[in-house]
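Below you will find the structure I want to go over with you.
We just call them A, B and C in the order they show up, numbering each chain from 1.
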């Protein structure tokens, strides 16, 4: 009897102890998770600050618009910034229509079936192709076999293949977010399917779609590995530095950051590298902010709600 | 109607693009980073004088130059080595360049024998104290396979001895110099155009590195001209087929500008007292 | 009459639209088929045309195509190692932060922190590499006395790069766990941590598995961020601090100089094909994991 009481007392004490222990573990784990999350964000903040610290001294009007210097110090990255935007626009011109059309097809027309499955799987596979593998493909097919040479076009087509899947997914998600009542209302008013999509569905999908496109633009802007041997690693020096010819070699800013380092011919490689890295970072930040703001604005304007 | 117009417009644009491409003339050069400074400086000077030709010049290494000019991805392929096995490529020799063996300055070695050099690059000698220097581990810095400089170094110094790959590999002449400067115990090889600068009428080694003599022969312009110093080569620019008008113009411009050639650390053919075949 | 004509026009538009949409969708199939086909043909020439053995390619450490040696083991090991390092460090970290966002973070904190994480995704890989080169490599050089280049530097850079992928996917995975499980566990007297550890994580395990697999996919294909800090020695590294190479960095170093039809070019294509196979394998794995969960 006494024994039984003792046992139950130990049990209770044990239970009390373990409850305290469990609460301690809980607090500890919570603290650890907080610490890890804060650490990541702090790391990022440190990152950004460090890059500003490194690169701020490089940035000047001359740096942003001037011609790169071939051998001496003091060059700029004007043509490289131009080429980054130029290739971005060429890429979007090809990517957006195809990805939009495919996204509409999968989301609005073909919800099941083998064709849909195959397209979906193709897109997912395409999305995982490493960019250097795509770059090798681009070099052999577009640059060499099709004789386009190192050119803005070869770079843009390679980037198109690389970014189509992401853009298609953006379209699909945007369309999936449109309430079914929009479609039903339009159909009830006698609209055909296509009319429904164009008049009722797309306008309310434009907002999130724009957000997605701008975010992907940030990625295209910073892509490097796929461009080294497709768009090339040089710009002409003379009057042709701002060059709209899609068949001319077009080194982008991200490639320039890699290539000036790997060539190291100019004495101020670090200055150019730090400056280029900062410009790339700031562009990514701008793309991120613009994506949010424009997406929200467009949604408000085109659908009349926020 | 508007759809037809759009189609016509797109078709027109597609057809017009290559036409635009061929209407204005541009030259692209790629390849050897040993020859890169000369071609870049020449392109800059040429475009300052003439504005009818756009020239873009990039590195990559000699094999990149040969491969890409053979594939017609570029117009001019720069190389330190002969393009063997490419019957379509036409060789335009530009100048001669010497290659220094360069080290981090902290090792206290000024001279090595050819045998010692082979052992260092083969990974048999691993500390500078074994060749009379400071007690510092040797870090061998190589160029990748695409490099003609590596090919010339292997050919003239290593022979059949395999090069140890365990150190760093650097993409270009310029990065080799940066890496040697920042890595204690480092040793590598690079063209005079990267290791020397021309000031006040003569050459000096660039800051932060040291150049080694080989069997007591210093890596100097004179020693290359007389053939006493072993590591040098002809610098080639290849065109795919006979050079066209623009290519010829630019090639002639490079070859004629002996002042630039000399100042950038290259050697003129007329100053050479030996042939590559004599080496 | 006009109504009929309008209806006819609408019908034609409808048909045309469907053709265009179907065509665009088909483009995806054609692209990936061409890519796989091309790489499969070029990537196997090493074995079919040059009659080298697959065994040598996969298991020999000697890579010197100009002398007939095509062993890619050093690059394969380099890739596997940096990827494993990245997952070992970035994986748990990423999952922990994902769990934090899903279960612990107050709304205000989450909405302030999450955009920051999303910015991490957008930063170009070459910028990560540049930071590694200017910050990490000198740091490692000064503390260890090595050259600073090597697996350690590349592993750290990659850990950081896969973090956002793992964070956002594992957060999603936690969020789809039904609230009933959460409430049930808490009602039974479990602490929040016990609920997370014993109930929610197991319930979200397949989603977290997917997050980790996609993190691997991102790491294995990464090129310039690691090429800049690996040191690019084409040998099996002696340790964390020795220079190394990966499949991707080797391709970028040599692709420009690989002559058409040469052993080097065929070797690079085999490496590219291998990377593609790994990537596709991971996608199939994701599908299997997701199916098992459903």
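The criterion applied here is as follows: a residue touches a chain if its C-beta (ideal position, glycine included) is under 8 Å from a C-beta of that chain, and two chains touch if they have at least 3 such contacts.
Computed from a prediction, not measured in an experiment: that's the story for all the values here.
Trainee: Assuming subunit B simply isn't there, give the groups of remaining chains that still touch in a chain of contacts.
Mentor: Remove subunit B in thought and everything remains one piece.
Trainee: Going by average Cα coordinates, which chain is farthest removed from subunit A?
Mentor: B
Trainee: More C-beta contacts across A-C or across A-B?
Mentor: Top pair by contacting C-beta pairs is A-C.
Trainee: What's the distance between the Cα centroids of subunit A and subunit B, rounded to whole Å?
Mentor: Roughly 37 Å separates the two chain centres.
Trainee: Just give me the whole-number Å value for how far the CA centre of subunit A lies from that of subunit C.
Mentor: For subunit A versus subunit C, the centre distance works out to 14 Å.
Trainee: Where in subunit B do residues touch two or more of the other chains?
Mentor: Residues 30, 60, 71, 171 of subunit B each touch two or more of the other chains.
Trainee: Among the residues of subunit A, which are close enough to touch at least two other chains?
Mentor: Residues 139, 144, 261 of subunit A each touch two or more of the other chains.
Trainee: Two or more other chains touching the same residue: where does that happen in subunit C?
Mentor: 256, 260
Trainee: Under the stated contact criterion, what part of subunit B meets subunit A in this complex?
Mentor: Answer in residue numbers: 17-18, 20-21, 24, 26, 28, 30, 33, 36-37, 40-41, 43-44, 47-48, 51, 53-60, 71-74, 171-175, 177-178.
Trainee: What part of subunit C is in contact with subunit B in the complex they form?
Mentor: Those residues of subunit C that touch subunit B are 65-66, 147, 149, 231-235, 238, 242-243, 245, 253-254, 256-260, 264.
Trainee: Using the touch definition up top, name the residues of subunit B that touch subunit C in the complex.
Mentor: 30, 60-64, 66-68, 70-71, 139, 142, 144-146, 165-171, 183
Trainee: Within their complex, state which residues of subunit C touch subunit A.
Mentor: Checking each residue of subunit C against subunit A gives 10-11, 13-14, 17-18, 20-29, 31-33, 35-36, 38-39, 42, 93, 96-97, 99-101, 104-105, 113, 115-120, 122-127, 129-131, 133-135, 160, 163, 167, 191-194, 196-197, 217, 220-224, 228, 248, 251-252, 255-256, 260, 268-269, 272, 275-276, 279-280, 282-283.
Trainee: Could you list, by residue number, the parts of subunit A that touch subunit B in their complex?
Mentor: By the definition above, subunit A touches subunit B via 70-71, 139, 143-144, 147, 149-150, 153, 232-240, 243, 245-249, 251, 259, 261-265, 269.
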